Amino acid sequence: MAEKIKVAVAGARGRMGREVVKMVLQDEQLELVAAVSPSAGPVDAGILAGTSACGVLISPDLETALAAVEADVLVDFSIPQVGYENTVTAITHGVRPVIGTTGITQDQMKELDKLCQERGIGALIAPNFSIGAILMMQFAAQASKYFPHLEIIEYHGDQKLDAPSGTSIKTAELISEIRPELRQGNPNEEEIIDGSRGGYYNGFRIHSVRLPGVFAQQEVVFGAFGQTLKIRHDSYDRAGYMPGVNHAVKKVMTYTGLIYGFEHIMD
Amino acid sequence: MAEKIKVAVAGARGRMGREVVKMVLQDEQLELVAAVSPSAGPVDAGILAGTSACGVLISPDLETALAAVEADVLVDFSIPQVGYENTVTAITHGVRPVIGTTGITQDQMKELDKLCQERGIGALIAPNFSIGAILMMQFAAQASKYFPHLEIIEYHGDQKLDAPSGTSIKTAELISEIRPELRQGNPNEEEIIDGSRGGYYNGFRIHSVRLPGVFAQQEVVFGAFGQTLKIRHDSYDRAGYMPGVNHAVKKVMTYTGLIYGFEHIMD
Amino acid sequence: MAEKIKVAVAGARGRMGREVVKMVLQDEQLELVAAVSPSAGPVDAGILAGTSACGVLISPDLETALAAVEADVLVDFSIPQVGYENTVTAITHGVRPVIGTTGITQDQMKELDKLCQERGIGALIAPNFSIGAILMMQFAAQASKYFPHLEIIEYHGDQKLDAPSGTSIKTAELISEIRPELRQGNPNEEEIIDGSRGGYYNGFRIHSVRLPGVFAQQEVVFGAFGQTLKIRHDSYDRAGYMPGVNHAVKKVMTYTGLIYGFEHIMD
Amino acid sequence: MAEKIKVAVAGARGRMGREVVKMVLQDEQLELVAAVSPSAGPVDAGILAGTSACGVLISPDLETALAAVEADVLVDFSIPQVGYENTVTAITHGVRPVIGTTGITQDQMKELDKLCQERGIGALIAPNFSIGAILMMQFAAQASKYFPHLEIIEYHGDQKLDAPSGTSIKTAELISEIRPELRQGNPNEEEIIDGSRGGYYNGFRIHSVRLPGVFAQQEVVFGAFGQTLKIRHDSYDRAGYMPGVNHAVKKVMTYTGLIYGFEHIMD
């Protein structure tokens, strides 16, 4: 049998971090060797994650934790401010980072890639680990070549602060790289109620629905003479990202250098 | 066997008028006795409607047409400007009007009701003859009592001038009569792209999608803890209104006075 | 301020029971006074439910627990076999039962109603506490009066044993009470693949989709000339039933006798 | 300006044939030179198609018609029995066939390809000219690589004879070429109503909904841990196929030999 991949988890007290801990504990090919949170105290990481005790106590500091164990991979969904720093720390210890935080700059990525190359290890930074969301975006971009008339409707919980969602903007960007330029709709269109036609992006519209009970959903609707094509992705909870994180942890063991974007490690 | 209901059609050259002519010709309980259009010329009404010749030539003038035949019911989907006038003409000739034009004022309706009462005949004015659309609106209003968090998404063809649609505004009004007052969403919400959150109506949002190939669709989405309720109506073409018009033609024979709104003649 | 309603929870170790305990602990108008599970051991009920300690230890036996505290309401989602017995025990102690188990017979219900009347207290037995699911069923039944052509599509997790779901059969029954009798479809229809047309029920069809990641969803689709009406309810998790259970706990305090069916206590 | 493409239409009285005639008359790059129907009589093809007179009278015989005019392309949606024969006739006259009939055998296709190569002209045979339907099938096949748990739900008019639809079977075949082998669902699953779980195909299920008012719709639903991906295509009428036929007429001018399947001429 192959040796287990040894995983450290940063941000282990966060909502994503706890899901990652659970995911690692459930996969026989993975082994949890460290879990870091500056604020949780020295509790068992399994208990903190809402499952059974696993024998790994939460460490307050990543540097110390990585120095104390032999980890293969660090999974980090902590806040953007510490994401870059954590990634450097991991690479320095020869630990492959799988990073879900956004906000790392182009220059920082070049630097991280260089560090990875020097150590001969892989790293992954991805804003989205949902295989379904990535397929939705890819299909939408492909379809826009043939169906340039489209609108995006995205649904999130009613307490979300920003609209439209990051995923919908990312989708709109990918579509715009492929879709023939076109300003949709009637040029003399008039809004009786301001904003009813949604947010304008490069000739098409994005609509943001906010309702309690919804986690994250998006539909891209394409309209043409006599037909409609719809591509829809519904996420029900954070657990839905875990198959992607699991895949990334295994994949990052197999290459050298920094890869940005989960779509590039899908087989 | 019961006698047939004798039907006259105004605006017989319009898109709705031609559907009405076809519908009347296809129903054995109905008989087409007159079809009026000022601009069509004296062609056969069946041919103009895209079906077989029926022996009724288009008349240029409603008054003359109603004087020449014994009609029971006048169906009129012509432009708002002539709707009121046509209705008066019909009632004067003892012909029951079934009117699909909007823009008739409250005062005019009172006057029309008085005329109907005097003649002892019925009349119907309805902005919407789609049974499905009416059920959608009624169900949405009922649901809003239990699920006050909702948004409306409506879809129409990309050349439509106004947004949001009349049906969505009517739905919003009916909901507002029942729904507990509530301003949905995060009070600190921020639109990165203007209008992405849709049009604001009484605490909730209306989103107008405009795409080629779509005729008329609307979905009301209700969100609550752990669940979503959706009520959706899709109209594919004008023909979808004909079962409602057919029902109205038969129903208007059975009562006296003016009724406003198709929902009041549904059994 | 009104006195709190004192709630006991049977089946406190089950998936529904833990949600009920959490719901009671979160509502300031409710007070958890007992939680029963024969197999959990004397742990804190809050801890067992995955939230903070609440000071109520799990009791192994309902009779003993209800004798030891003053409870107003017993919530019981335990297995059908003990449902009737638990209900009798509750009423005997003057505790109003809110019961989510199915399988109680008509004769047993008459007996329970009699017991409630003697004690002057209320009781509720309901197979479904989801307000959204109940509205979906009611709207579907109403719509079938006007749109007798319909099909039901229901979605559940891929490990569910029975098809179609209990909710879809209940929906079909309610529709059949109202819908004009009609055998839908082409009488000469032929299945190239057996079962592709779904399960036959009283002239229409029920389709059961089973997929991982889905909790409980159902759509009733009505088709008519030129239009489609859809009523859809999506449940994302057990927590979605809690607003209904919460409403029931408060409502059962206000009447005398047994009520069967949550729809009868919706305002 | 480029010369117009001269188009002949077989089966000009059929529902698809009339749409093709209309489409050709509306495109300034195309010219209708012949329209064939053995049963229509010598009426104007434009009138028969429900639009204005175009000066081309219906011919009763394809051979005679193609001998009388210089056609570049023959569009044929007539019944399968005559499809092969018509195609041979067209190629013999140096006219490029665009064929929508199904039921042409592999051997016949080889023969037709040979004839095309000899004449140095192109030909297209395609069971489906809907760009949207083809994208739906392609996306579904791609997604099944990552989401092997899926079901297909297809909707057609209630008078359709066969279930499941040809498109759904084609989709299932394309998916099966890519999807990892898997028998979905609970092995101990039980149907309370026969057929409720749909038609079995290679480990997954196909559900056929039949309702009045529906033309042709299909949804492929993929389920995974915490997420659902849906790809849906709705066709509202035959006109929806015309952009594809239009594209094919122009494309068939640019290559030599027989191509089977519209997907191979999409850019």
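By written order: A, B, C and D. Residues from 1 in each chain.
Everything that follows uses one rule, which is that contacts are C-beta pairs under 8 Å (C-beta built on N, C-alpha and C of every residue); 3 or more make two chains touch, one makes a residue touch a chain.
Just so you know, these numbers come straight off a predicted model, no measurement behind them.
Asks: According to the touch definition, list the chains common to the neighbour sets of subunit B and subunit D.
Replies: Expected: A, C.
Asks: Comparing centres built from CA atoms, which chain ends up most distant from subunit B?
Replies: Here the answer is chain A, farthest from subunit B.
Asks: What's the distance between the Cα centroids of subunit A and subunit C, rounded to whole Å?
Replies: Here the centre of subunit C sits 36 Å away from the centre of subunit A.
Asks: Round to the nearest whole Å and give the separation of the Cα centres of subunit A and subunit B.
Replies: 47
Asks: How far is the middle of subunit A from the middle of subunit D, if each middle is the mean of its Cα atoms, in Å?
Replies: Going by mean C-alpha positions, subunit A sits 40 Å from subunit D.
Asks: Do you know which subunit A residues sit against two or more other chains?
Replies: 213, 222, 224-228, 236-237, 240
Asks: Draw the chains as points, connect those that touch, then say whether the picture is a line, ring, star, complete or other.
Replies: complete
Asks: With touch defined as at the start, can you tell me which subunit C residues reach subunit B in the complex?
Replies: Per the touch definition, subunit C meets subunit B at residues 130-133, 135-136, 139, 142-143, 145-147, 222, 224-243, 266-267.
Asks: Applying the document's contact rule, which stretches of subunit D touch subunit B when the two form their complex?
Replies: Result: residues 50, 213, 215, 236-237, 240 of subunit D touch subunit B.
Asks: Which residues, counting only subunit A, touch subunit B once they are in their complex?
Replies: Result: residues 149-151, 153, 155, 158-164, 169, 184-186, 188-201, 205-214, 221-228 of subunit A touch subunit B.
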